[in-house]
């Protein structure tokens, strides 16, 4: 068996969102989500790290070509979310609150079918340099 | 005369915006502003550096207390723009396209009256880590 | 069962410290701790990352509100250590050498009682951008 | 038993390399490695994080003195690779393609004999700020 | 007259180089350039900031579209130097020592003809995060 | 005349300090300097950028060898302040309040005699990533 290594590619996208629960009053939303629930949206420069773990291919020395991983992430994730309003412009967050946690799970689900089954996949998403999430934990 | 030093404070805010000229067709806007003109907004983590140049006060050793500068920037700028939609929620950008250039000039004008006249003032605004502006140039 | 996600909040504090073992001579301390044992203290901008792992609450989309986590870390940790001399001003390090390792364990113990028992907790502490520790490992 | 903590030291080196498989034609190499296979080499500022996990020594408060770890990494790794052409100047990569994955494994093998057997060792290597690897995964 | 603002775009490229003066002995080169003169090259992740100063166009709110500036820098500079050996693969550094100073001047001269004459142009080039140059000074 | 370029070297040191005016009461000091005046000191990871502007030497392609500049800064500044208590351990700040402004001026004065008279010299000092100063302004 070859050695297992993690390879990580960092990408980014800019999007608008607001956090709210449509079954709640404005007051309940403000109490839970604060300024993040303001009705006209705010936005972030999301930084996204995709980690793939697998064995080194002895012919190439790669686990997976990071150029290929970058192309895949751009094709499946960045194109979909970049310069969009997550609540309004995307199917994924029409019913689902676009918290960093939920965005990370959605990104995982978008990428998982396109990553070799023998590879493990991990998502880290920075909403700001001081707030970020990891899935699976 | 005492020595002149620049003191710089970095703050940040998150906001949504879109770039467009209301006198233009959607096609003209897309041709000029690309994805930045998409109608439902996108957003950024803006990083803001405020530089003040003045003489060192020999009693305190400060040009200006950076805590005071931070409070001023929060009061006059961050409160106004943080977690807002610049196009919809702010008076400043109802008629003015919220490009980084225009935002920097607006921030300068908001702060200038509250900085001692003998001090020089400079604004640097990062829209992303790779795109930023400085005013005055 | 809902999906498990890690949420991380980054905070910072500035503090003075020195490293030494009170049972040792100055020479022994210098041999082990080098310049870090100099008697009049030096200091750091500590950057602190607190990670909490738990299931996403389907009502909010949060594992834990990072604003709440930030308030908790400020209340229990930052207030206690910021702008302090760790050796002199704090109970925790009167007998315990304030190495990054020991500070991380102390911070964990300060926070653990205030984090929901079903959540896992992890501390990462940067003493400098090139020296950092993680607990539990 | 004492508490287990991870301590991490970050170092850097600059090196030239090219990626290719000597059994392949230029066309095959270009198809797999792209610009990274260009014959006259390119280079990187490699950032290297070495993590050691062990119990805190109650006498010093250290798992391992990061100054000692830094000296070890400089002696065994940085001296060997810094300002070198990995393909031409080093024994390790005369037959082995110097991908980030392979470099990380080589660095692990260079350090492992010099780290206390009871300590765990992990290598993270940044080829660029957006491409990095971890070994063991 | 409209307000003058500086707009800055950050790009990057990876390249190999060595520093030496072909009229000198190896010893002289080593004495002056140290490890940077080693014969088989080393390399860097160069980070490049291009600053353009001009008046805000009141119709667009831009000094210059940073997307256009990015395309120009990629076309004229990044394509030319990325993943290349500066000493061997480029006309510009066949006779000219590829120090950061000289690379910055060459990049300025490559871009200047393509920037509007009324705009000022400045180049900042990071050879490493701790070593960088600016031209014109 | 040869082209003028700025070359910049970044170094760092860790130190303890407190801000206060010895002619004032504790209350006055607390009112002006806040937590920075606490009697037992706090500290910082200072990041220091030294910029030298001069003409490129056509023989080397350097304005000034950044290795030499680094050695000079380490010899004259870092050795003096690193892991020290600025108020207690240094002559420079026995009478002078160690604000970032004053530290920058002192560093300039320490370096100026050792830099070629035809070169310009500038100091940028980061007390934290969000608070920094520049001298001369």
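For this structure, a couple of remarks:
Here the chain labels run A, B, C, D, E and F in written order, and each chain numbers its own residues starting at 1.
Basically, contacts are C-beta pairs under 8 Å (C-beta built on N, C-alpha and C of every residue); 3 or more make two chains touch, one makes a residue touch a chain.
Everything numeric in this text was worked out from a predicted model, so none of it was measured.
Any chain that touches chain A and also touches chain B would be listed here, but there is none. When each chain is reduced to the average of its Cα atoms, A sits farthest from chain F. Judged by contacting C-beta pairs, the busier of the interfaces C-D and D-E is D-E.
Using the mean of the Cα atoms as each chain's centre, the chain most removed from chain D is B. Centroids built from CA atoms put chain F at 41 Å from chain A. Each chain gets one centre point, the mean of its Cα atoms, and the points for chain A and chain D are 28 Å apart. If you average the CA atoms of chain D and of chain F, the two centres end up 33 Å from each other. Counting partner chains per residue, chain A shows two or more touched chains at residues 129.
Contacts between chains, counted with the stated touch criterion, involve the pairs A-B, A-C, A-D, B-E, B-F, C-D, C-F, D-E, E-F. Within the complex formed with chain E, the chain D residues making contact are 12, 14-17, 35-36, 38, 40-45, 82-85, 88-89, 128-129. Interface residues of chain D facing chain C in the complex, by the touch rule stated above, are 3-11, 51, 53, 56, 59-63, 65-67, 120. Contacts from chain B toward chain E in the complex involve residues 19, 21, 32-34, 96-102, 104-105, 129-137.
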